[in-house]
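Consider the two complexes below, in which chain A is the common component and chain B and chain C are the respective partners.
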Partner chain A sequence: MRYINKKAGQNNETKTAPIDLPISKSLQDNIDALSTLLTGCSDVVMKPFTFGQEVKVDGFLIYFDGLADRREVEENILKSLTVELNMIPQDELSQVNVFDYLQQHLVTMAELKTLASIQEVCEHISSGDTVLLVNGFDRGLVAGTRSWQTRPIDAPENEVVIFGPKEGFTETLRFNTAMLRRRIKSSNFKMEHMVMGRITKTDVIIGYIDGIVPPAMLEEVKQRLGMIDIDGVLDTEYLAEFIADHRTTIFSQFEHTEKVDRVCAHVLEGRIFIMVDGSPMVLVLPVSFPRYWLAPEDYYIHFIPASLFRLLRFTAFCIALLLPSLYVAVISYHHEMIPTALLLTIVAARQGVPFPAFVEALLLEATFELLREAGLRLPRAIGPAVSIVGALIIGDAAVRAGLVSTPMVVIVAFTGIASFVTPSYNAGVIVRIARFAFLVAAGVLGLLGIMIALIIMLIRMVSLSSFGLPYMEPIAPFNWREMSDILLRRPWYRTIRRPYMDGMQNIVRQKSKENTGG
Partner chain B sequence: MKIKPFQLYCLLVVCSAPVAYLEISRYMNSLLAHNGWLAVLAAILPCFIFMLLLIQITRKSPQPFPLLLEDYLGTWLGRVVGCSYILVFIMITAIDLRFFVDFIETHVVSGTPLSVLVGVLLLVGLFALKSGFNALIRSFELVVLIGLPFVFIILILALPQDMHISNLLPIGSMMRIDHFMLAVLLMTAIFARSMPVLTFAYFSDDPGKIGSTFTASLASYWLLMLLATLITTLTLGAFSAELYAFPTFIMVTMINIGRFFQNIDILFISIWILGIYASISFFWFMSLYTCQQVFRLSDYRYLAAPSSLIIGVLAMQIADNILQLFQTRLFFVMVVYGGFFILIPSILFIISLFKPSMPEAILSAKAE
Partner chain C sequence: MDSLSGVSVFEGVKVLLRRWLQYLLILFLPLLCGCWNLVDVNDTAICTAVGVDLTPENNILFSLQLAKPAPLPITGANETQMLAVTIEGQTAGAAARRMNLLLPRIPLYEHANSLVIGEKLARKDLAYVIDLAIRNRHVQRNMLVFVSSGSRAADILHTPMPLYPNSGFGLNNTINLQKDRLLKYQPVNVAQLVRELSTPGIEPVLPLVESSTLNGKDTLKLNGGAVFKGRKVVGTLNPYEMMGYQWIRNPRLQGGLLTITVPGSTDKVSLELLHMQQKSSLHRTSSGDLQVNIQLTADFDFFEQKGAEDVLNRPRVQDLQQAANEEIKRQITACISKAQGMGSDITGWGALIYTTEPELWAELKEDWEQLYPGIEYSLQIETRILSSSLTTKSFPFH
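Entry: the complex of A and B
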């Protein structure tokens, strides 16, 4: 990956840009090139110095302040060169190659390697490394001195669990990979590194378990990632939009998670994750829609309550998606379905409301979404208070003013509560958007409209795939074996196989009578 | 394309059951009164024979329908018959569409112009066809998974509402044998709508399970029709059931659970829309696929939009009112289903008896 992309068809006779230069034997040339490139970078530290007593050698140290650990640079590089080098007999030093001597004996860093181009120098210092250039040598020495302020490891706010591990990813890629490696202590657990973003040079990790993951899928992921040529990658979602099978749809084809244990569970089932430096959000693929309703803690509690909670979650999904539209359809078109006593109560409550049920529902749903968004964006200290007070005051005022009816407030509030049951944010977004479409369909054609909207949604969903995995798997195509761990939570002792994916190398996850496990 | 056994089962169910569920009990009641269910019971035998006939053709054919027509009848005759099948499939789509639209216009959204409902349903079908065959067949899986259990639940819920065993008595009396034969033939002719399976069985990823898949679909169809006929007779009585245009639907309107859930017919209709969507899309797809194969076109999808206009106009023009539609439909079931779904497959079956078994290489290629 180049620091600045060379323009296609560049004339060979034009002067080579400093970024394209190899490291020169002349230290001054290198300093000039780097100075040109890093003009305006106030945080760069460039330190020319001389070391040795009889044999004087010019050196040059470069790093970014704040990214590199200054103490480590001073202790392990500068001090070694300026103090310890003087203790070495000069005749011994003159007989050897100074560069090799520095590399092998003096710079006492674990992570040490050589560089050959200015491009590499820029890349490494941008990552927090320190580069040492020595006059007379066309190589540079890079020392791993990365150290910067980070957010501590904490429980993710968006994925709250009661049971099980709580720690979540941070913005620092290395911490994240370490947390995963601590849990999966296998040499088959691979985390391949890529650099993406022409300007940001963002580190990206593709993780999987070799021997389980479908190789063709892995190749496909790498190929799609390799085709991305963008100036910067600041979050995993940048990549998701590039590599998705279907780009123009509200249905996310990835799972986004901040939870370490969730990623580990996916990887053990043969899935692939993508992690980006600077983002705590990890992309997991492939994923099917029904799996959005599986919460990580389902597997940390006994399978019977877990199964009941799962059924509750599916019910909540149906409520969150359809309840307002069903109410509108029944009130507007099919009131014969409502028992007389209940109908009279609703009619009495709606007395004086100037809007039809459809408009009433649309207004309240829109208000609810506004309050939800406002609650998210407001400062944490006042956000929840404002959204709750807002909901109470606006709701109460609207009912008192006769703009909306109390049954509609109850319906919208109940729908709101049900929508928070969804464990996956992506699935929640789908429900929130689709709810409005159903509302419009109900307003136009009643239950018939809802069913037509539902059929269209289902057709769209079954036509999607996530890296070849059907989006509605295991419902369509139907797979009974997989379904038994979707609607309900299968007990661990019955979970002999991993969820099936085409090309999976090892589907057996535990020893049983028929097999020895994998 | 590859089809799993469950997908094949769903295809068979959606092409025979959804429309039949609403009309079989009326036919049976009008022909045999309280003995209608006996004809359904007896129809298992001809339906089973028809199923064996289809399995035999499938096993002997190196090519799927409609290409197998050329294989069996010769290139020119095969193509001519193939062309007539295109028209038949389009007609079935249009009649099914009109049948359903008339039904919902009468019972759900009275006053809504038929053209609006036809347009909306065609739009859904068009969207499904444009999404490709895989999406279509997966949507049928969802239809069967949602619809079939729901329909059985509805029937079971209807049973205790106003059941009188005496409505079935005296069993077997006052039954004209010619009406009985006609009723059995009707049941078989409607089941024969599953003839297009000659196309899809060829693409089965597990040819060894074709027999059991056919049997399962026949069992579902037969059980559904038997229960629908039996329960309408038990709850409504033979003579009342004969008076209604849609006795199954009237039976659903009687359901009342805990004096709270009442008039749930609209829920039944909502679920039934799924079945009708599947039925319409399936025969529409068959018309396009047959067209593609007969005329050796590269893709069928670009035919979907123009054919939607033909189907829409045909659906509007096919009958002036619902009574005329019933007459047209009955004629269609007896003559067209009899000719194209029973007679021609029977001829193919006879020819297949004289054809050599498929070479091992073709069998293994089919399996792959």
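Entry: the complex of A and C
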């Protein structure tokens, strides 16, 4: 794209932008610099004022309307400077010590800092803080007045649970950290702060429990995050794609969650989470694929039903992945594998269907994906209408018109239901994509093709890792002790150890008499 | 964008493209073979039974019974939904392929679970068909084998059975059901038949199936067994002898009915077999002759009594056990004497000698055909009546 007003050879950049300046001793210079920088920012509030009776001092207050708590600014800064300053003995105050006096006695706020550059001033007011500049001092005083309207804490819509905590993260980082801190009342629970994004200056939190987390992994995460140079970070996924071990793969190496309790559980098992201001999605790492089958709810209900649900979910995963392709393979290549009575029914149902089974399956699966995608984006009022049109009218009409056979509709519908059983959205995405690959393989080579595709997929999966953790752990490398908590749900009283991770500092979860060491 | 960076970007794209092309080539590799062996189910006809017979010109008369898929919604699942077709060919395989001269669909032989061998062919030579049965991968090894009696195999396949959509599956079901409930006929599948045909010292017996009538309609009925000697049928066993054959050919049995006459009366009593154990072993008589010793223990349940006498007391039960003992002995003797009369070792005594005394078998096997009718045997049968179902008494008439 060519810019219309850009002339060749013209350099738009001034020699020193106001943002690079330090805070000047002259208040007017600072006001000029800030006014230049914030031209066009209609939401900025700049208030020059004078305070003091005998010693008259010029001050300048700057904050963003809506981000800073206006009442706090008025009560704790303006009022104390203009009214309460008059109550203290005036001989203590002089032109020289007024700044320190302000800092120590007058501005009655807990969160106070001094600043030295215009850039810092801009950063702080963008976060909702208020900056006070005083004539004659090359420092600025920043008061923490962050307060803005936000979505209330709510149960996440995408991770619905029946038992257990329901609280979900919001878009505001502070609330999120507070929710976590409230659950893990240990000083070992660390939440390190980073600022990312050249323009957005987004706060990023790296959380972990010191004493459990593998230190080398933590260092690696920090290092990878430090290498990111991006203009803006709006969601954790921005970072995920940068720091993943393997970038071009459909297998997500992170867990995305909005649930506070889920993050706590992960952190207790020595994992690390990354949280970004402005997004309720929290990134948990490292994660291995089998853990996508686990639902957080499993740990909140009795282990026997939880184990059965887990087996059911695992079966559903296999069905969602393989059922359409198995059907196509068996119908097209391996007729002898179907019980005769069933085959007779299928043959009767397929009389007059003009497409081969493979094309039929592909068409229906594609339709199903279309409907699902359409349903996601629709306003709630229209959603049911689309499902009715999609499921009932299209499905029924297609069968009546003889375009598709009823068994295929049953298979695709069943697969659709099964694919919703997988608790993790990431695993669901893998299933949705891989299903088509399996379908093609089945259409071309039958069961042999499915086996080839399965082997290719498994080879790919075992070759992956998530921050050094093998992606198929504990299936490959195999670990009996942990398998008992993958296919089944281990009772809590038997959960003596945390899931193993290389370099973990403390693996013991329950200190019993027999088990005293890691 | 200057020209230099343009070249490098182009190079980069080329490298990327080359890498992806490699992957694509590998991905397309399976496509090279095409959809090999693809048979759409719409182009198939499900085969329920296969029949082979001999024409007077010594050609194979090949018959298929095909299931007609019922139109949806399925209404009369028990109505006859079958179609039989017959064609002639120089070999069985050739005839099977020639089937497509008159059939616009590919028959799915995998689903056929009855093979009917025509009486004519069975009396001539089984080698006419058995090679195809073990060589062709479409023939399932668990397909049950029957021999037609009094009619061609094609006629058997044309005949429906009541309450079943096709007689191929009906026949299969019938013989499996009667084994546990009646104990008359031994189902023999292709694998067993092949094994018995290829093992020296044992001959197969195949169930005979004949056309009969039910309510004025044609139907099929099991009736007796065809005794093979070598590759062809040499005679038949009647149902009574077939029961004797069951006792000695199975090491274990469960289920089945034995009807005996109450000693000292004309009343009949039926006993249900709970469990039977049988073991044949080789002995020498004092004169040094070979003798086969058959030991058999059978546990029965008192099933039914035709008559009013109170037989359910200790001495009478002993009598019943004795009578059952003798009945079993009679059945076995009838079977063995028939087999020895035909010179066909359906009892498997040759194989018994082979497994217990291989050196002796090496000597005997040449003359076994002549020796077999003269082999002596002894029967030790122990019968127990263990329970009497829901009541412990005979019906209290007054």
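As a working rule, the second predicted complex is superposed on the first by the 494 of 518 C-alpha atoms of A that agree within 3 Å, B and C clash if a C-alpha of one lies under 4 Å from a C-alpha of the other, contacts with A are read in each partner's own complex, and residues count from 1 in each chain.
The rule we apply is simple: contacts are C-beta pairs under 8 Å (C-beta built on N, C-alpha and C of every residue); 3 or more make two chains touch, one makes a residue touch a chain.
Everything quoted here is computed from the prediction, not taken from an experiment.
Once the two complexes are laid over each other on the shared chain, residue contacts for A:A306 go to neither chain B nor chain C. By the touch criterion defined above, A:V404 lies against neither chain B nor chain C after alignment on the C-alpha atoms of chain A.
In the superposition on chain A, A:R350 makes contact with chain C only, while chain B stays out of contact range. Of the two partner chains, chain B is the only one touched by A:S463; chain C is not.
Of the two partner chains placed by superposition, chain B and chain C are both touched by A:E336. In the superposition on chain A, A:L180 makes contact with neither chain B nor chain C. Touch criterion met: A:G443 reaches chain C, while chain B stays clear of it. Of the two partner chains, chain B is the only one that A:P477 touches; chain C does not reach it.
In the superposition on chain A, A:M451 contacts chain B only, with no contact to chain C. Shared contact residues on chain A (touching chain B in one structure, chain C in the other): 333, 336, 445-446, 452. Partner chain A is touched in their complex by these residues of chain C: 30-31, 33-42, 44, 46, 48, 67, 69-72, 74, 108, 110-111, 113, 140, 169. Taken in their complex, chain A has these residues touching chain B: 333-334, 336-337, 339, 445-448, 450-452, 455-456, 458-460, 462-463, 470, 472, 475-478. For chain A in complex with chain C, the residues that touch the partner chain are 331-333, 335-336, 340, 343-351, 353, 356-357, 406, 441, 443-446, 449, 452. Contact residues on chain B toward chain A in their complex (touch as defined above): 4, 6-7, 104, 108-109, 112, 120-121, 124, 127-128, 131-132, 134-136, 138-139, 141-142, 145, 259-260, 262-264, 266-267, 269-271, 273-274, 277.
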